[in-house]
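The letters A, B, C, D and E name the chains in turn, as written, and every chain counts its residues from 1.
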Amino acid sequence: MGDITLNHYLVLSAILFSIGTAGVFLRRNLITILLSIEIMLNAVNLTFVAAGRFFAAVDGQVIVFFVMTVAAAEAAVGLALVIALFRHRESLNPEAFTSLKW
Amino acid sequence: MTEYLLTLLIAVPLAGSVLVLLLPGRGEQAAPLIRKVGLGVSLVAFALALVLWARFDPASADFQFVERYAWIPAFGIDYHVGVDGISLWLVVLTGFLTPIALLSSWESVEKKTREFTFFVLALEAAMIGVFVALDLFLFYVFWDAMLIPMYFLIGVWGYDRRIYAAVKFILYTMAGSVLMLVAILGLAFLHQQASGEYSFDYVRLLALDIAPVWQYWGFLAFAVAFAIKVPIFPFHTWLPDAHVEAPTAGSVILAGVLLKMGTYGLIRFAYPLFPEAALYFTPLIAALAVVGIVYGALVAMVQPDMKKLVAYSSVSHLGFVVLGICALNANGMQGAVYQMVAHGVSTGGLFLIVGMLSDRRHTRLIAEFGGLKRVMPRLTAAFLIITLSSIGLPSLNGFIGEFLVLLGAFLWEWRFAAVAATGVILSAVYMLWMVQRVFYGEVTNEHNRALPDLTPREWVVITPVVAMAILMGVLPNIFLAPTAAAVDKTVQRVVQAQNVTVDRTPADAPDAIGPATAAAGPATAAPEQVRRVLRASKDAAWSAQ
Amino acid sequence: MLLALIPLLPFAGFLVNAFLGRRLSRGVSGAVACAAMLASFAVSGLAVLRMLDAPERVLRETVYTWIASGDLVVEAAFYLDPLASVMILVITGIGSLIHIYSTAYMHEEPPGEFARYFSYLNLFAAFMLVLVLGASFPLMFVGWEGVGLCSYLLIGFWYNRRSANDAGKKAFVVNRVGDFAFILGMLLIFSQFATLDFQAVAAQAATRPVETDWGVLSTAALLLFIGATGKSAQIPLYTWLPDAMEGPTPVSALIHAATMVTAGVYMIGRNAVLFSHAPETLQIVAVIGATTALFAGTIGLVQNDIKRVLAYSTVSQLGYMFLAMGVGAFGAGIFHLYTHAFFKALLFLGSGAVIHALHGEQDLRRMGGLRRELPITYWTFLVGATAIAGIPPLAGFFSKDEILWKTFEGGHTVLWVMGVVTALLTATYMFRLVFLAFHGERREAAQAPDHGHAAGAHHGHLHDAPPAMALALIVLAIGSVVAGFVGVPPVLGGGNAIEHYLEPSFGVHAPAHAAAAAGHGTELALMALSVGVGVLGIGLAWHFFLRAPQAAGRVAESAAPLHRLLLHKYYVDELYDAVIVRPLVALSRGVLWKGVDAGVIDGAVNGAGGIVQIGAAWLRRLQTGSVRVYAASLMLGVVLVLGYYVWRYGQTAAF
Amino acid sequence: MAFDAILFYVFAALAVGASLAVIGQRNPIYSVLLLIGSFMGLSGLYVLLASPFAAVIQIIVYAGAIMVLFLFTVMLLNVPREDAAEWDRTHPLNRPGVRRLGGALAVLLVLQLGWAVWHVSTRQPVALAAVAPGEVSSVAQIGRSIFTDYAFAFEATSLLLLAAMVGAVVLAGRVRE
Amino acid sequence: MLDSSFAALVPILCVTLAAVAVLFAEAFRREGEQMPIGGLGVIGLGFALAGCVVLWNRNASSLGVIEADNFGLFVSAVICVAGLLTIAFSGQVIRRDGLPSGEYYALTLFATAGMIIMAVASDLLTIFLALEILSISVYVLTGLRRDSPSASEAAFKYFLLGAFSSAFFLYGVALTYVLTGSTQLADIAAWMGNEGLNVTPMMLIALGLLLVGFAFKISAVPFHMWTPDAYEGAPTLVTGFMSTGVKAAAFAAFIRVFLSAYEPLRADWTPVLWGIAMLTMIVGTVVGVAQGNLKRMLAYSSIAHAGYLLVGLVAANEIGRASILFYLLVYAVTNLGAFGIIALLSTADRPHEELRDFAGLWHTRPALAALMAVFLLSLGGLPPTAGFVAKWYVFSAAVRAGFYDLAIVGMLTSVISVFFYLRVVVMMYMAEPADPQVRPAVGAVPLAALVVSTAALFYLGILPTRMIDLAAASVGTIF
């Protein structure tokens, strides 16, 4: 324990990242899966901010700004796709969308 | 013209193939014109091949008509072509058989004449390219490029199981040749390590001193590629399928020229480039060749399908060629070169006639025929002559090659020759048995009663083949003489490498059979010495295993 | 060009008949063929005369270089020496007669077939002459195989007869078996002497010591001899010859009696020096020859087909010749070859005349009493039979006796006994033939004829040989009488001219002559013995087949198994069929083709493709369509890559 | 234990706990809301890291805009709960073994990442508090940085947003006849 | 200073402006009015291509994150060619399929811009943003056929996995930043150069995560699972475009990152890439054998080709880099040609993408069949097409570097791949048409594009010297 070092943040972000990855293939709801990806991105953001703090530079936060933009863009497109999918199948279960395979 | 002769030989059929595509006319309306143009182009190519022969200097062992232009300089790849005595005849043979193949399909190809002619001419260009290429990259390009037209010829114009056969043909051949490509690349980089620059040039690579381990892998890669093409037992199973399913023209070219690429490759590339490895593997290859001779003959004997029978007979005959190469002496290798051409003529002829029968009856099963001699005596006579040439009747072409090969092999290792010579018996068995069942006896099948004899066109197709078979048998020296210098050079190269690096036995090592007496004269002394060195080294190679 | 002309003339005849035959009438075809042969005969005579004038009695003509490769140089060269001269005269002379005979014999064939027949016959003559005149092994081999080819074509001349085709094919294939050894022999010789020219080989062989133990030359000679057993129908490759009787009878006379089958003997004579240096091989030759002679003679005793009897007789007589060669009596062997050509050709042509008269009937059991209706045939046939039985002063007596004497003189007592027994058998079966065919009464009703076209003809009046055939018969009969006089032995006051004439060809310098004088008494005694045996044989035949025909039947019944054995030719054909042919075909079809080729090799090839297909099908199932599985796969990849790094770091950090 | 440290653990626990709850939650609405909770934790951590800009946009942009978008969608589609139809429950991928495998992969990833981090930590055990924050907290500096050093990235982002906008419209919009 | 500073952006700007212009044009388009919108794209791409030519050998650099070096320009040019070909085929197809043309072209151009940025970016963050630009555009393009369930499904799968993998990639960027304090490739390279001998786990993990991100984009095994589904579901032309453009861009960045920034860790990434290359070649070809849908088959083929390209990367020598460039160009032309033909033969209600749909094509459309055959044979690597030279080039790099195993496996798998390419040829040439189906006519522009592509393939196959020299020059001066 003791002092909080960069590593604490890195480990925390690793844990969050892994939670996100687990969510991607454990959940059976497209929206939750998208949320899981958001968790992953946030975990990365934490790393950036912590590292920026460590280097005493603003780069970390700037990058986080861009990552959030990306997240927003992904969310927009992702949700649009979810809507499109839902129109076809009335379901958000990923297992309902397996017409393309093999 | 001489300085561009080889390029012309490649370019003329190629240009002809494009020309055929561009000829006006829709569908089969244009077919008569296309046929004539195709035939004309192939005849021009043949004429060029004859010019090549006429201007060829038989005394020289060097490459002639050499052309060399930088192609991909970054890798030392040149457009480098030339012929020597070994490739000369194969070029001429290609030129000889292509018009015949086209003419043989005059009527039997009823659909897509344009594409058919295109592919045949493209194939001719690629085949000539293979035989004249002196840059390994160029060689490989032609080698692989040749597969495509052949694939289409089998697959589109073939018989019932044509697709299986075509795919098998192309995959089998490619599977072998890609390893060769890796070896070629390896060679180029070895050259780069040795001299600082890449080179795919055959002549330069010959000067390369290759470490034994590279030689072994390189030789194996080359040899497998060529063995599949030849085909050497047990890589032969694509051949019967391809032959049986191919249209007549395809079979003729396949048997007549394509198979020779494998044996040509062995002589031109595999042996001279990797002499030590070649010597190491030669007994194995020779053993496979001998097995192929007997095996091919035995399997041919029991085939119910004429084309398949002839196909297996090719396996047997090509075994002779390979055995001749393995003998590594002038007789054997000259015999091999000769046998390549002879086999091209006679087996080509067999396929032509089987094709004629097949055109008439739409079957090639031996059991469907019988007693045809009564109905079509002329065709029978032609078939008989070609049969006899195929089974090696002296005074026809088959004998010379077989005899020289057996002689060469005997001088090297008599056991191989002894087993191989049984092929002489077996070829008579299977061929004559087929002749008997197809042509002799009573006409048993009503369909055969009214078959027409040779048409004028078929006369034109078959006469050159028969004439060639006789000419080659009666005046073989015309064909042998130009090969002598080049063959000697090749043999010397392989054997000398042996002398330098592997052979540790004293020069007067006792010969198992006994050397020629001094009375044999100085003329024979040098080959004898070579032979002796070779023998000793072969023994060493065996005992080393 | 003189020598080259000899084979070229018949070859020209062949070309004419082969290419124009269909448009020529029978008369023209036959005339062309006969003219070609006669011209060749004339040229041969001319050449022989010129040869006799030449120094060392040798003519050599090089036309061009045929094959040149490495140190192998084969010239298309012809070589005429006394040995070859005998042969070419026999070939062209008897050949001409047989051509003439054939014009009548084959008259019923349609013109196209007639021309085809003569073209083959001419081609045969051409090849046979190449065989004889060739100055080197390969050139001889050209003729050797060429005559085999013509034999094949002529045996199978009636190609719609299955049995004829089978016989032709069998002849060719069995010959090929011999050729296989012949080729190896050539190769071995080349490897030893670096040449294949007969003279050069002989010259070099002469410098070698005689191989008292088995050696290279013995092997070479043995291989050549195996080749000869094929061509000359000796044990074990004789089986094709009796079947070859399927061909037209003149063909049997020319090819399967007078000329081609003697090629083996000729070849040994041609290589006498080589064989002389291989005494062990000579021993084998002699034993094989004597055995064949005896063996074929026994079979000949019981055969009922007139031509088959003659065929076995030929095999038997060829055995004699090999016996002679084997005991080193090359001259005697060639002498017998020469006399045999006359009387055996005569016998065959005579049988042909019988068959011709009976419209194809060949079964002795349906003949009898033909003496009255076919007088020319009968008398000439009788001359031939007497000659072969060894009754002096006919040709057969001198040559056969010479062989027996040389055998005895060489100390080969067992072989001599076999020879004498064979002589007895020869006389017996030959006169059995004469008595059954020409004496007694016609027995046509014995069995239903199985030759369709022979059916209606039996009761009509039989025609004796037409002029062309009669001419040949008579000339040959005269030959059979007088041919032997060139070889009257010294003991009977002759000079044995032919053997002296031939000696240079064999390179043998007559070591036997010194001892000859001492054995005169023995020689005379043996001569008497062999004549006696001949007479005895005739007597036996007379007893069993004319005086008391039922006695033969009784003997046959009392030794039924033996009789059956002989009738079925010792079951050798069946044996070959069961041991070689069938297993080979079964092996090829069942094991090699269906098993190895289609099963193992193609199985492996297709199997490789199959593995890819299976792998594809399996891997493809992983692509389930579920995005979560895809994510898991991606994740798995991540974990594997990172895991690899963990592992890798652990590896390096350990140090 | 310093106050900073306590706050760190509290926020970390919030972030991790909420995140776990997000993926352990069948109702997407709750998931979205829980994720916002997680973002709060992160925001707190950003404050601890002397990065107020990040902390603020985390709340305003992320929680305020993006998550609202999610909420909109969830409500628009009206699928409050993860549907677990019969075919889904019997789906091979929902067998416990497969699910455990998925979990195991995640755990493995944690271990791998953690391993890497701790290996670093043994070498650089520097307390962040000991590092002078410098200009990290200066929003002005961030603005300068964005328009100078990151000018291209900024422009690229505009491109990204334009593309996403067009994309979202074309995907979610009504099908044109 | 300013113009030189913005010079490197010219190709990007051209494409972006074209995209914006397209959007404007679409906005002002009246309902039902036909507008040659594609022409705008052609102009933009043409100028971009011209910009690449002008910038050649200038080593222009803009804003510190864009390096218009020859390497980047070569790839940019390849991407522009891919874009041009796509647009050339598009006019007819989108009219027929009723796709929203304005959005289609705009997104295609956005994606192209993203690709070009990715090819020339020298900063990890920029690369990430470029990746997102192109990805998002392509996701949308994939799902453009909203009425088609499979298109939506494909788009979503692609999107989800793409987002998933870019999170990994981003994490890799973050860890790199943690280590080095910078996202600039040059800085990272310098740092790695110092620390390279002293490898820490963090470096390896960062490396691994970046690798995963790239491997996903180039669809290497086992990160390939999205590929077949996305390729099958997407509109055919989009499939062609993303199989070539995305691959080219991703490879450019891959090479740049791994051969500059992470070059010092080569010993660490070579074995992993070796394994991935092996797996990719094998799985791609083997599974391709079992496909009956042409688009899906070409998807697996594209996986296999990614494997061959990886071979060049693993070899990592001069030849390897240059060969990748050459290969990308050839692959772009070839693959787009093949997909173009599939697209041109399809109609909205009657897709022409199953193997059996091609039965007897030769009889009804000999020219198209011949062109298709050439493309397929080039994909299979048979001379005298460019595909052969490309493969030869890549494998010679492997042999040069001593990776005989890769070369041999590559060769053998390309033989297997010939099998499935030939299945199409078999269908076209050796099978009779099943039912006399009406195949749509092909317009002049697409046909011209196909013919030009074919000519280019033969040109590059027979006289590759110039292009090989160009490719070699592109990489010679950079890394």
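As a working rule, a contact is a pair of C-beta atoms (placed from the backbone, for glycine too) under 8 Å apart; a residue touches a chain by one contact, two chains touch by 3 or more.
Note that this is a predicted model, so its numbers are computed, not measured.
K.L.:
Indicate the lowest number of steps between subunit A and subunit E, counting one step per move to a touching chain.
P.N.:
So the least number of steps between the two chains is 1.
K.L.:
For this structure, which two chains have more C-beta pairs in contact than any other pair?
P.N.:
Result of the pairwise contact count: A-D comes out on top.
K.L.:
Could you tell me which chain's Cα centre is nearest to the average position of every protein Cα atom shown?
P.N.:
Going by the distance between chain centres and the overall C-alpha centre, it is B.
K.L.:
Quick check: how many Å separate the C-alpha centres of subunit A and subunit D?
P.N.:
Here the centre of subunit D sits 5 Å away from the centre of subunit A.
K.L.:
Go ahead and note the Å separation of the Cα centroids belonging to subunit C and subunit E.
P.N.:
77
K.L.:
How many angstrom lie between the centres of subunit B and subunit C, each centre taken as the mean Cα position?
P.N.:
36
K.L.:
At what distance in angstrom does the C-alpha mean of subunit E lie from that of subunit B?
P.N.:
The separation of the two C-alpha centroids amounts to 43 Å.
K.L.:
Going by the contact rule already set, what residues in subunit A reach two or more other chains?
P.N.:
6, 10, 17, 20-21, 24-25, 28, 34, 50, 54, 57, 59-60, 66, 70, 73-74, 77, 81-82, 84, 95, 97, 99-102
K.L.:
Residues of subunit D that contact two or more other chains, please.
P.N.:
If we look for residues of subunit D contacting two or more partner chains, we find 93, 102, 105-106, 109, 112-113, 115, 117, 119-120, 149-150, 153, 157, 160, 163-164, 167, 169, 171.
K.L.:
Would you pick out the residues of subunit E that each touch at least 2 other chains?
P.N.:
If we look for residues of subunit E contacting two or more partner chains, we find 125, 129, 132, 136, 139-140, 143, 146, 155-157, 160, 164, 175, 201, 204-205, 228-229, 290, 419.
K.L.:
If I apply the definition of touch given earlier, which pairs of chains qualify?
P.N.:
Final set of chain pairs in contact is A-C, A-D, A-E, B-C, B-E, C-D, C-E, D-E.
K.L.:
Which bits of subunit C are touching subunit D when the two form their complex?
P.N.:
For this pair, the touching residues of subunit C are 624, 626, 628-629, 632, 635-636, 638-639, 642-643, 646, 649.
K.L.:
Report the residues of subunit E in contact with subunit A in the complex, numbered from low to high.
P.N.:
These residues of subunit E touch subunit A: 125, 128-129, 132, 136, 139-140, 143, 146, 149-150, 152-157, 159-160, 163-164, 167, 170-171, 173-175, 177-178, 181-183, 228-229, 232-233, 290.
K.L.:
Once bound in the complex, which stretches of subunit A touch subunit D?
P.N.:
Where subunit A meets subunit D, its residues are 1-12, 14-23, 25-29, 31-32, 34-36, 38-39, 42, 45-46, 49-50, 52-54, 56-62, 64-66, 68-77, 79-84, 86, 91-93, 95.
K.L.:
Help me check something: in the complex, which residues belonging to subunit B touch subunit C?
P.N.:
Those residues of subunit B that touch subunit C are 168, 171-172, 234, 236-238, 295, 298-299, 301-303, 329-331, 334-335, 371, 373-374, 377, 388, 393-395, 399-400, 403-404, 406-408, 410-411, 414, 417-418, 421-422, 424-425, 428-429, 432-433, 436, 439-442, 475-477, 480-481, 484, 513-514, 516-517, 519-521, 523-524, 527-528.
K.L.:
Taking the touch rule as given, give the residues of subunit C at its contact with subunit A in the complex, in rising order.
P.N.:
Going by the criterion above, the answer is residues 620-621, 623-629, 631-632, 635.
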